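Shared between the two complexes below is subunit A, which pairs with subunit B and subunit C, respectively.
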Partner chain A sequence: MDPKNVIICRCSDVTLEDLLELFKEGYSTFEELKRIKRVGMGPCQANTCGKMVQWEIAKYFNKPLEEVPFHNMRPFTMGVKLKSIKEQADEE
Partner chain B sequence: MRRVEVAIIGSGPAGLAAAKPLLDAGAKVLMIDRSDMLGGQLTKQTHMFFGSEKQHASKRGIDILKLMVDEIQYHENLTVLTETTVVGLYQDRVISCVKHDEYFKIQADYILVASGASEKSLPFENNDLPGVYAAGAVQTLMNVYGVKPGERVLMIGSGNIGLIVSYQLMQAGVEVPMLLEAADTIGGYLVHASKIRRLGVDIRTNMSVKRAIGKASVEAAEIWRLDKHWQGIPGTEEIVPCDTICLSVGLAPLTELLQQAGADIKYVRELGGNVPIINKKYQTSLENVYTCGDVAGIEEASSAMISGEIAGLEIARSAGYKIDNIDQHISRLHDDLTNLRNGPHGEKIRIGLEKVGVK
Partner chain C sequence: MKSKADYVIIGGGISGCSIAYNLAMQGAKNIVVIDKSYMTSGATGRCGAGVRQQWGTKMNCLLAKKSVEFFENAKEILQYEGDIEFKQEGYLIIASNENEAEQFKKNVALQNDLGIPSKVLTKEEALEIVPHLNPEQVHSATFCHTDGHLNPFTMTDAYYHAAKRLGVEFNFYTEVLDIETKAGKITAVSTDKGKIKTNVVVNAAGGWSKEIGALAGVELPVYSRNHEILVTEPVEKMQGPMVISFSHNIYCQQTPHGAFIMGRGDKDEPKSHTMRSTWQFLDKMSSTVCKLLPKIGELRVIRQWGGLYNMSPDHQPIIGGTKDLEGFYMACGFSGHGFMLAPMTGLLLSELILGKTPSMPMENLSLERFEGQDLDEIETSVV
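For the complex of A and B:
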């Protein structure tokens, strides 16, 4: 299986090869991967790739899934236009 | 800011079932759904349900939906917001929403998160080729919009969704030559599996897809045998001609709103991933925030309806509404849940719930 053709995060175009390289460099948590590669930070907010990222971390570092922390979740669950937020704030 | 008494996020079987006892008790309910129609996954479930008669067994999902919506839709205390996505949930029970491009906030006394689940995906080569679908998308295309996803589908996953969608594809005139399961046994009910096997589907266990093949879209799939650690075994590859690869590899609870607000969460693999820590009343660790249905652990629609009804009754009681015989009613519902989770197919759920420590 060629990891450069395996898409993990469709939103930010992150492949399995990208993840494996980062693992080799020592990055081992979802939070780190997110900051460096934007994996899970697109429109789906890790709802598609999240479980695969968790699984790949568990596999590479030989940990049970229970011990692989999921990434932090913050509002919003999807993109919201700044214009929309401003209009709401103006009304308030 | 707009204030509401009870905000229900999600109008699938769990959310709909919760709304009824709340409205009957006299509560004012706001129901929010991001789709343009109520019903969540019920909108695409054209198959007949199993389970017990109380949860409408032997009726089709889409007909159950009509019954449930009819029971509440003209109630004067119900407000419905469709095409509205809840994008934020905060500890003070403020929820922020987006409807088309309008952004607004709502303050709720009680919040019931019934947001359901998302579909899991699978890492394999060329998994971004057009023609690779999740089973939910296939059901939406076929059963909601009447569009065939392809002509020849390789199904991945033998849970009930994979088995049922295979059958529905064949009903729509689509070929399903093969179904692959990574585990060594079929995941769903054998009655569904037997039905599609009789129709000629080659069900193979310990196998998965290695690679999608095709230039502009899927033209074939390369499959291979897996070892007991679910790793592919080189040398066992086969080519299956197909124009669609349909992934039905499980669901994950959609806990993002609860996690944003800081609810206690635990990873429980038997329940599909991260689940909120709840008690028997379906209360989360956040004050006056409840949850029910698949977001509290992946089961199926019948248990989602029961958990929704319990959560609705518990919120009504907490808000001070008097309901006759509520204790007996709730205890009967818990008995119904126990019955649904009996037997070998409920084992995973029983183990999972024990890990959550539901008291």
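For the complex of A and C:
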């Protein structure tokens, strides 16, 4: 399949072709890819694309998957409304 | 990695990258940048990347004004293919009471004197620019339409690529462990990947600049502390300017990509190097934004994180050398506004290092200004 048509990150609209271009430029870690292309930074927090990004890094740089660090996971796992957080805080 | 260099820059944040680019631009060769992690892993990649010229001290005003002039043309100057996402739709600074309004009027007078096009706005005028402001929380405001914000990753990447094209060597995931000196001069920098002989070191290590100073035996009057921030899901454009309030303790912007980014300070935060996310921040941030900008309360937070502010005694940066150690230079103590000043940080420090006359007097940026007497000016317009 044409890498242009393979969507890796649905939230931030990043294709396999985008990743391959970044690899070619020398960006080789999940942390760098995230910051340059927003891959894995959308509402799903890389829950959908994370494994695929890790896999593509391993494939391109010819490394065992377990040697490719996963990205640094931060709260939240799911989006929460600011208003709901405020209301919860007011109750406590 | 080179084993010998003319200049070793410690830190691959916006400061280190700007200094490297500016040195190379002026013809310096054999420049090496070292960072213990990935590019923008420090405060740079964690910051709000807001750029404002509405400051309370002359020095900060001038540095910010000249930096804005650079950002306006940065894409062309640095020949960057990507998008630095400079959204220049102003900073709206909210005054909550008469006292704040009085101080802001003085600030605007100073800013106007220096050629910064800021102005005082009535409550009604402020609400015209940001209609979702809660009118009950607004006394008046000040506004400067040429302020704005950028994408901190791509802006740093732009400097990085331009510096690389000029021959600068970057070494990421490489940690500086020691700085060797002999008879008041630098001789080498040792890292976990080997040693580099050099006579010039630039300390652009952000939150770790005090520790880097200590490696060279130079004591720096700075400290670090965590500062938290969050981002929401992206939505259609609803806010032009960055909204900021010192009394509510908030800054809040909508990036061109659609997400809102907001943060606040905590004066009780202890000095440390921990970069953490807390529920206490989340609670306070949510309450503050719901109070000042109620409509934004409907948005979902998707991520929160922390980063280090590197504080100096007068909340203005330290950019310069030191008489105690030849060849040792620093750019640190940015006190939460080093991103926006980076173009000037790089220009001034490179001029100083290369023995040229700096484009602006640098006495008020020197390490020596903290010796003895009272400080001339302290910046109070900080979140």
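Brief remarks on what is shown
Operating definition for what follows: the second predicted complex is superposed on the first by the 92 of 92 C-alpha atoms of A that agree within 3 Å, B and C clash if a C-alpha of one lies under 4 Å from a C-alpha of the other, contacts with A are read in each partner's own complex, and residues count from 1 in each chain.
One rule holds in what follows: contacts are C-beta pairs under 8 Å (C-beta built on N, C-alpha and C of every residue); 3 or more make two chains touch, one makes a residue touch a chain.
Predicted model only: the values in this text are computed from it and were never measured.
In the overlay built on the shared chain, the residue A:I8 is in contact with subunit B alone; subunit C does not reach it.
After overlaying the two complexes on the shared chain, residue contacts for A:P75 are found with subunit B and with subunit C alike.
Once the two complexes are overlaid on the shared chain, A:E66 sits against subunit B while remaining clear of subunit C. Shared-chain residue A:Q45: touches subunit B and subunit C both. In the superposed pair of complexes, A:E31 makes contact with subunit C only, with no contact to subunit B.
When both complexes are overlaid on chain A, the residue A:I85 reaches subunit B and subunit C alike. Counting the residues of subunit A that each partner touches, subunit B and subunit C differ, and the larger count belongs to B. Shared contact residues on subunit A (touching subunit B in one structure, subunit C in the other): 45, 74-76, 80-81, 83, 85.
Across the interface of their complex, subunit A is touched by residues 38-41, 45, 82, 153-154, 157, 232-234, 257, 277, 282-283, 285-287, 289-290, 296-305 of subunit C. Partner subunit A is touched in their complex by these residues of subunit B: 1, 85-90, 96, 98, 101-105, 118-128, 210-211, 232, 252, 254, 256-257, 259-260, 265, 267, 269, 273-274. Within the complex formed with subunit B, the subunit A residues making contact are 1-2, 5-8, 10, 16, 45, 47-52, 55-56, 65-66, 70, 72-78, 80-81, 83-85, 87-88, 92.
Of all residues in subunit A, only 29, 31-32, 35-36, 38, 41-43, 45, 74-76, 79-83, 85-86, 89-90 touch subunit C in the complex they form.
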